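Per-chain numbering from 1; labels A, B, C, D, E and F assigned in written order.
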């Protein structure tokens, strides 16, 4: 019985070595990733028991993706193998003022063909403490949105806490519904919401005052009374190589903020948003204080920029270390 | 005005280094290939002017595929860039008694979305001498089959010779029609047909006597009176590393055969069928005798096994050399 | 509760790319392997539930080795993390008449520091059907031999079938005891023994007639009455690139042999002995006939030569296919 | 009929992976480049029709270099294949305070053996709008200088605009003439000149006031009345990893400057000067304003530092984006 | 007769490519290094004759390590080949706030098995001017400490100058003695000592005033009257990618300092301490002034951060260049 | 004082990975080699003291080539660093019936600029027992031929045995003299000659009877009375992957032959001729019998086909092992 359950598509990520473009390379590096699976991987790496729920094609690619999750110590018992293809995406890593560019090739993946009854949520969520989803899943297909709603209903009955990372991608949402109409009931059944004001405004038309995270959080709370708290990472992008990042968290009553971290000479920023909510869940399950939770979330996200791939392979000690000011300059022998 | 025009899908081919499986690798080698484009590439490499007609997605992958054809000196003037995705396939190279395994991920590609009127064949075939297609194209979609039929009609009007490589892949043909009903009229408009008796029987129910290539050729001629000649490569597979190959050709009257080549320690056999018909077209366009045509076809196919990738990067001199008994054992300085 | 349990050291295997020597390379390829873990990996790959028991150092290498087993779907619940180092070995792959050369750097590994009470065999073997060990484990240290004896005692009580692969390596056995004195009681508690006559003679002084596998098997049976059957792979080495292999199996009454397989152009022969016993265990657990068991064992061993690394990543279908004469020459699409 | 024609040597560029030195590596990465061909490649990448004129050896290296230009969509119709060798250069990429080091091995290349009548400029420049050369070409051999003069004469007759990038390399110029005497008449026939005051002074003895770009431009204009405008990129080098860059342009009447771009964490700075003039030519051919021309030139040069290799594989949109302040920090999905 | 002799263990250094972790990679890059051998390599690269004294295992790894020193022009005449294993260490390069992490696997190496009489120091030091050791050697084993003491006795007799780099590693020192008791007599026989106040305090309990390098130097001098001078590099670590560094040197009378160098975007910082003392020895042997000695030491250390691997492959000119303000931003053609 | 001295050009050898062609690759593997240096490397690897004499350019490539010889334990004391370039050659490895293809880019190398007095042979050959040259050296330039003649004169005076490998390459010999006129006096001063009848006939017009090695040897002896013995390797090339090889040796009186070795699945055949004469020199210096000398030569040559690169990295034991019938099929643990 895993403590945490995440749900969503896992893709093969293919990228040229170094800073090359696809036009320049005859070799691609393989990684596997998904916004939700990244969270299970991080939590499993930090010692929590975590399961990921998805569907893979029953071919060489699907089995390799499955093995990559198993390797990361994620519980794969509930993963299905079926007809279909594995979603792919191609990453050309940017540098300096050249932005990282992603070419998606994800539909129609085996995952997107799931329907309302694809998974036995009653069995999957038995004994779980936390369920995590992102806005990518209901964006993929009606069936994915339906299956997610089933999971949320079961979570409610079982008292499983639900976190939702809005993760708005306008390029998805191709099946005829608007993000707003689909996400409305799903966010309504989630207690922890990761969202910036730009997201809440564009999707739900919910605004704060444009400055104060408390304002937008309270507006969200009014709209989604089941929401208990809300958080976001705040990034400033000086270039593709140089960002800054801080975290902000409204605990239902007051706002907690982290210091602003300088991230210069980025290795790989993809997955840092997932590292952020991973850190928050870890803090929550570990009995941390509010300030510690958001510190752990932000520090986890910052360290992700130093790791190749989407899985956040930094230790709990490294995350606490950065919070305490250990900037990583000393060699660990 | 290219001398030869080929028509069909071009895919990105992804394979683990060496003899690894996808499960074992975090790196894939990229090549681009398509049964028909392989023919244009070979002919362009041998100094013929050759154009390939296809449709690519207008993204980083499509442009890289396009550049790969341009690099090989293929005329790409008629290639379209559109919405959609690039077809992919994954190759795990076999060895010894472990067979090479291919995982296709080709539909729905940008190419498969073409329709009857997608290409201006009148313009494309103006001045051409030869048009080449394979059974893969009409297997992909009704639109691809329709567009091909348009090409054949124009070829007939303009007197362009047409070669058809049956290349039967039972895994394709997913759009509701049988190979027989679709291929019947298309082969009927082709003068040069590449087919083994196993193909003619399973698709058209046309049998010879199971031994004699003249018998099946004559049976085909009876059914397809427009067909002028027929040829096939005959392969015996001792293992994934060791094959033998010979060529057979019925010129409408008599049969010509080549010697049997021993191919031990295979580098890459994919594309050797395309190298075979490439060699035949080259011989035909170069005024070769019947025996020379089939010798060039078989020798080209044999040498392909020594080349990495689908494009047959061996020179005209190397092909003639092998025919004349130069087995490649001397270093060329 | 895993069906099969294997027990032994797992090492990091480091080898230069291609056929290079360590002197020539600035890069090493990493694999993980162990004679016993290779068996669990093969069985897990073939759908059996299999656990491996070992001890790893609690450092970056140990965790990577652990993850490699998890990736292969081996049950790692009983693996311990401790002080110490990971055993290593370096492989320079041979070719032609240059032999493959291995440099071991395995002692003092974390595994070799185990003692009699290191593992709770009562818990580990609960519900298991098969326990597999090799002569490498008791060769490493007194503690490893003692722990193995504990396992065999528990296996006896629980009625778990035990297979022993003699796997005699004269370079090990550094802790002051002779192979004979240590292996005597251990083999005495095993029902399935993998051994060639050369092994039984040099270790136990037990000879047959030098020709007939029944003779040496019966002599062994006389000495080890608990032994139920005995088997061996028979290899002839034409060169480092070219071997032949057959299997022979005495089922307690009569001898079964396989055909002799030609293995030319070897990819990687390391682990083929482990693939042999893996195949036998698979056949035994799958209710195969005696002939099928030894055929599956030999065919599995043959196919291993076509796979990079020690884990035998060929499917059950591929193994049966080779038995039935499918030599791997056809591309699987 | 290409819109732009460039003329000069193309070399194979060989460099160790990462930041290694030749002494440390057993592998070299291959790229192809030439100061003038880089300009054609950039313009072709941006949708202009561009031809490059050069001579390659008729061997495996020359054909690979030729294919690299074809791949980049450069018109290679006028390229000659001949006896001789391909020029090479070896790059050890610097970092921090270790400078990038180049070892040239370019003479006697096939290109350097051209003579006055090597190319039929009348045919090549028919219909062209722009001809580009750099100071490297006349530095290589008397024949190269003579052939260039022939081109300039034809350009004058046909009214083709000529740009000259002084690109002074003191290590070249080995055939017995001074840069000044050779460049004098060539620059005299060029309308657009890329030069810093340091160049004009050391080659022609033409000084401004050491501060004001208008001053040196006017002095040049006095000396070279055919010159219509002059431009330069201004670089400050904090380290091998960190530069700043701005552009300055005298349009014959007044000076236009760009903002200063900070370039920290450089990927590859080679070819950024060629990216600068490429951008200016693009702006000129696209009807841009004076400020836009120099902005496009500088922004193109800045982005080049983020691209591996000499060809500036950034899109027109990326260049405009940087001008407008899009610093590349957002992932493009 | 080498001018400089260094003494200590040489290990194989294995690291994943780029910024990957061992868990993520199936490939390791090989380098060879040792704190003392790094010094000989640097001095040999700078044209001094330098010998390194160590013991290697007589296997493929030991011979490869030996060849790596020979390649670097180090005199290997006194190196012994013996039983045993080669020490290894694994480096996961950090970035940003993720620290570089080293996993050692060095004991029991062939080197650590040496004893008091292992080397004939009388022969080795004949004609030498300088002997260099570090605190790592006596930390490995009693035999290593004893052999070192023998060397120091001979050096005293022959008037060879001795430098000692304290290089305190608390993870070593496993053989039952404290660093203080072992190092006390060894440092007492050394004239040049590399140590920070933190080292002198934790090992010998010798403090200055925590600010002034003269103070701690004088306190050391009081304790170790044979010490002639003392020096240290002073590093501030902003992150794993960004450090600053300066050098400080007490010449027995007064303190000399260098400017503080900014090192942003570090390639590889391992070995920079060895590059520091290498520079000092070079300066001393080359008749430099006190300020020049410490400048050369610090500049050498700074440049090491731009080089892959532990050997400091920067030229004497590059080191002087940096001292004179050449920051490496200009390409060397 | 080295026992063996070899003399000739050393080049950088660049080749695409695997069986790729230059057109297909963006990466080249580096090796260093020269027909004569290969001999010194083999002898040094086998424990003989061996010096190589050559001239390198004083740049990054020359120093890397120098280091590669030092790494192999060759005495480099007499090597000169000068102006000029390093000779290069590019190898596309063949397979099956595709021949290995070499593109040379060697002239004008630093080595080819030597003149009669370039080397102080009196010093170099002091104490040497054997001097080795090949027909490549006098083919490069008049100066190289002159310098070689100086060496041979000194060898005569000092009683150093001289071996000459005719190694006829018609593509060289560009400086206006015929091979015959240049080689005549040089071979006349050599005691050991490696030559096939095809060589002696085409260069000197000396024929045997086309079958019997004694016949041509005796004819050569008549022409070159100073010649003491003559030997050749006899290769049959079934394909680029499959050769057979035997050795033949006329000791001045009678002919000794080896068995014919089958070499299937060749790794790299370049340098096998150099491995042949290396083996003969080793046998001669080690007091072997006539049969042993030619056996060692042939076995060395055969094993070279299993080694990547030109240096024959097989041990003396491996060579004897093959002679004794150890075909390399057993793993060495």
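Please note the rule applied: a contact is a pair of C-beta atoms (placed from the backbone, for glycine too) under 8 Å apart; a residue touches a chain by one contact, two chains touch by 3 or more.
Everything numeric here is computed off the predicted structure, so don't read it as measured data.
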| item | value |
| --- | --- |
| Type of subunit A:subunit E copy interface by residue overlap (half), same or different | different |
| Rotation angle (°) superposing Cα atoms of subunit A on subunit F, nearest 5 | 180 |
| Subunit B and subunit E: spacing of chain centres that average the CA atoms, whole Å | 62 |
| Centroid distance [mean C-alpha coordinates] between subunit F and subunit B, Å | 45 |
| For subunit E, residues contacting two or more additional chains | 21, 23-26, 67, 101, 264-265 |
| Interfacial residue positions of subunit C with respect to subunit B in the complex | 261, 263-267, 302-303, 305-309, 313-314, 318, 322, 326-333 |
| Interfacial residue positions of subunit E with respect to subunit A in the complex | 18-21, 23-24, 94-102, 104, 169, 171, 236-243, 264-265, 269-270 |
| Complex contact set, residues of subunit B against subunit D | 67-68, 70-73 |
| Subunit D - residues contacting subunit F, complex | 14, 21-23, 25-31, 59-61, 63-64, 67, 85-86, 88, 90, 92, 101, 103, 105, 108 |
